[in-house]
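Please go over the structures that come below.
Each of the two complexes below includes chain A, the first together with chain B, the second together with chain C.
And then the complex of A and B:
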């Protein structure tokens, strides 16, 4: 996979001076969210509720890993690094994914509930980033959004289907919302370096505003299903904690996805 | 297309033409009936100084065939790089997001090739996710078709069914 390094084609250019570290943090958050969720969801390959869903979940996971790979390539162009090394050669505690994607996939209802929460939050975030003043990011996000449209439809259909069936399906959705719902705002919580990104328009809209837009979009859907998002976990809104302090589910996942690479870090694929 | 005149040998515009002819022979690894040019994923061929750059637009970002396509393009252009008459000493194949790939980029010949291989080409109407009119069956032409799964065997393909001729088929979907 050594060819990946040249994918971004030196797009690190064009950033205002000194903005590389802040932009790198934004890219790492975007990339790690998709990377970790993609790996967690790929665990359904072969064991999804039915064959069609098996194919769909595998496609969704593949998309997330593809998006992560493109963000890592952009990040690598800033630091003159190697996207594969960023993805696979970091210790677990160096990952900057949001608390929402730190949970294990759980059962089907939890996976679908989490997907819907993530996809809706991610859509709000990407909608804003499409207007980034840093063109390489804005252009990539335009493409990512076209693909995410399929994810939004898929997640919304499943949430509704499960929530409307009284008994076990609905009970499991409610349990999932109680478990992962408090962490959902972590996807949009302001990054510690947000002010710098906002000043330059690299990130055009502040996290607080994104959170409001997201709430305005998902609340009517949840109310229509007679559901509600629980109160946020304090850490989910705290810039210092929304993307750190990962739990045991992520340790297990990290051990898994890093294991092949760990056999021989110098191997060429 | 050309940024500077050649010092010697073949004119730059001719080199670019030659490159395009070579690219037109490279097929999509997953659907070998269609070339990467007819699929519309070649965005630009440029020569700046002595570097030849081919820009590729992915149909889907996570397409696993991308690395293979890049490697094949580099390999096929290698003779051109080593030919002193072309005055090219580096070939770069880059993945570009400068504009999203859309179905409108598929050539007429490409659409025919897809149909002949049993794929419904994207029909230029609303995207699959916007629930437009049903796509035409590549076998009988009927529009009495349904989307069985927006996600098919590859990221760029959906699974459909024709209720007229009772035939399942795939659509090359809009990215």
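And then the complex of A and C:
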């Protein structure tokens, strides 16, 4: 068990005074993205299109949950909280995952299209955060990026494979892009407290620039497949809305993942 | 991920061709040489000549095992989304991933014996082949996840450990890897049970209720007593122990461990006979076992139905992207 004293002398240290709330917002966004995506993707465990892919998909889901756990633990060190309490004991409205992650997993094409959009955006975000002036975050992000490199390869391979086969696979990718594509920028949309984080270098690169970098990276890939990202949903770029107002798919997910723990939140599970 | 060691042949190809049953001789001579080799503890590889009876028996055995791993995923899968802590959620996803991996390894062993994977899935979903009785029952609470991972996996591992020395070498090697992973699952399951048993009154009641419900299927799991002399799987050393030997081993290890936690087992007859050192128990309901494994269990239809629906939903991926070879 980590004590309050050991935490105070550990990761929380080194943050400029008064910056805990803003840093907590950033960590919550990172953690909730991976947590909710990990939950959605783990639904494929046991039912993926074939056994080899099933095993791969479970690994991806576990990686995301592992990353989420690490972010929650870092957040817990700032707030003297408990990672499980942060992850589980919040109302659905308090979650700060991006709109992109809010969609249900859908079919295999939607899962893979969403994964690719998320992984490419996340890669841009993590590249920048590796240079955070707050060392505990920079160090964690370096570790996370090692695993995310494999996710990128997996998602890109599937997107290309599906998009290049005329007929059902391509049609399904286009449908998925139309549905989730408008929400994709929400992963990189500036956080409401971004200015504070930029001033101190905790977040070294502004969201607007991250969005440009991401577009520069994915546009050629999409063009090569004769695809295009639809116009962004206005809420996906709005700091006040990109990570709130979650829809019915997330409510259903939340109800499910709270169902056991919610029986008794004081008990040990 | 396949362990490369698990695929190393015991003997190199040129050595195996020297074995008498692999040489071009009359059938009866080959049969006798094969039988003598197996009865002396010799191993058989996928490329060896083998009597039809042996091939069919190994295939049936491995196919049922593979089916059980695949269907065993479903009762636990429902709880991935409901796991109550980050650690439990990760452990459960990893466990189920292992089981899908086991199914894959075992279907590959079976495929090498001549039956394509899609034919095995067809037979499973049409009810022509079987899977373990325990996976025909529904799960009702989080405690079921602990009891399944601890005791169902323990009962399975007792049987699987005895298969690490199977005469069919590809199966024996696969079982070594599987047993190692299953032992991790047992630790996870025991931890869930111990946590609940040491928790609040309602958590304790939850785990006791789960145990009461799972005990009868657990007692049936290894099957009715069989006669060592007439059991062909024993003769061919595909397996090493009888049902009753496995059940006794399971009871010997796990009854004390369950009781140690202050939990009870719902069988008034259950006790160790001090003279024979054998466990006594109420006769399991064998009629229930027969009915359940032939597809009439409380969750049989739902599980098979779910698998059929999922297979249909992802068929387009297999057919158009992965090609007809994996379009099962």
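Note that the second predicted complex is superposed on the first by the 258 of 269 C-alpha atoms of A that agree within 3 Å, B and C clash if a C-alpha of one lies under 4 Å from a C-alpha of the other, contacts with A are read in each partner's own complex, and residues count from 1 in each chain.
The definition used in the following text is that contacts are C-beta pairs under 8 Å (C-beta built on N, C-alpha and C of every residue); 3 or more make two chains touch, one makes a residue touch a chain.
All values derive from a computational prediction rather than experimental measurement.
Peer 1: In the overlay, answer first, second, both or neither for which of chain B and chain C A:98 touches.
Peer 2: Touch status of A:98: no partner.
Peer 1: Once the structures are superposed on A, label A:202 by its partner contacts, choosing first (chain B), second (chain C), both or neither.
Peer 2: So A:202 meets neither chain B nor chain C here.
Peer 1: Kindly classify A:267 by the partners it touches after superposition: chain B alone (first), chain C alone (second), both, or neither?
Peer 2: second
Peer 1: Please indicate which partner A:67 is in contact with in the superposed arrangement: first for chain B, second for chain C, both, or neither.
Peer 2: After superposing on A, A:67 lies in contact with chain B but is clear of chain C.
Peer 1: Taking the superposition on A as described, I'd like to know which of chain B and chain C A:253 touches: first, second, both or neither.
Peer 2: In the superposition, A:253 contacts chain C only.
Peer 1: So in the superposed three-chain picture, is A:27 touching just chain B, just chain C, both, or none of them (first/second/both/neither)?
Peer 2: In the superposition, A:27 touches no partner, neither chain B nor chain C.
Peer 1: When the two structures are overlaid on chain A, which partner does A:36 contact: first (chain B), second (chain C), both, or neither?
Peer 2: Neither: A:36 stays clear of chain B and chain C.
Peer 1: Tell me which partner A:50 touches in the superposition: chain B (first), chain C (second), both or neither.
Peer 2: In the superposition, A:50 contacts chain C only.
Peer 1: Please name the chain, chain B or chain C, that touches the greater number of residues in chain A.
Peer 2: C
Peer 1: For A:236, using the defined touch cut-off, is the partner it touches chain B, chain C, both, or neither? Pick first, second, both or neither.
Peer 2: Touch status of A:236: no partner.
Peer 1: Is there a shared patch on chain A that both chain B and chain C touch, and which residues make it up?
Peer 2: Dual-contact residues (chain A): 52, 55, 58-59, 62, 65-66, 69.
Peer 1: Would you pull the chain C residues touching chain A in the complex into a rising list?
Peer 2: Within the complex, chain C contacts chain A at residues 1, 73-74, 77, 79-90, 93-94, 96-97, 100-101, 103-104, 107, 142, 195, 199-200, 202-203, 310, 313-314, 316-318, 320-322, 326, 328.
Peer 1: Using the touch rule from the top, collect the residues of chain A that touch chain C in their complex.
Peer 2: Chain A residues touching chain C: 39, 42-43, 45-52, 54-55, 58-59, 61-62, 65-66, 68-69, 72, 83-84, 87-88, 107-108, 161-162, 165, 167-169, 172, 253, 256-257, 259-261, 263-264, 267-269.
Peer 1: Name, in rising order, each residue of chain A that touches chain B in their complex.
Peer 2: 1, 3-4, 6-7, 9, 52, 55-56, 58-60, 62-67, 69-70, 136, 139-140, 142-144, 146-147, 149-150, 153-154
Peer 1: Would you mind writing out the residues of chain B in touch with chain A in their complex?
Peer 2: Of all residues in chain B, those touching chain A are 58, 60-64, 67, 70-71, 92, 94-101, 127-129, 148-153, 155, 159, 174-175.
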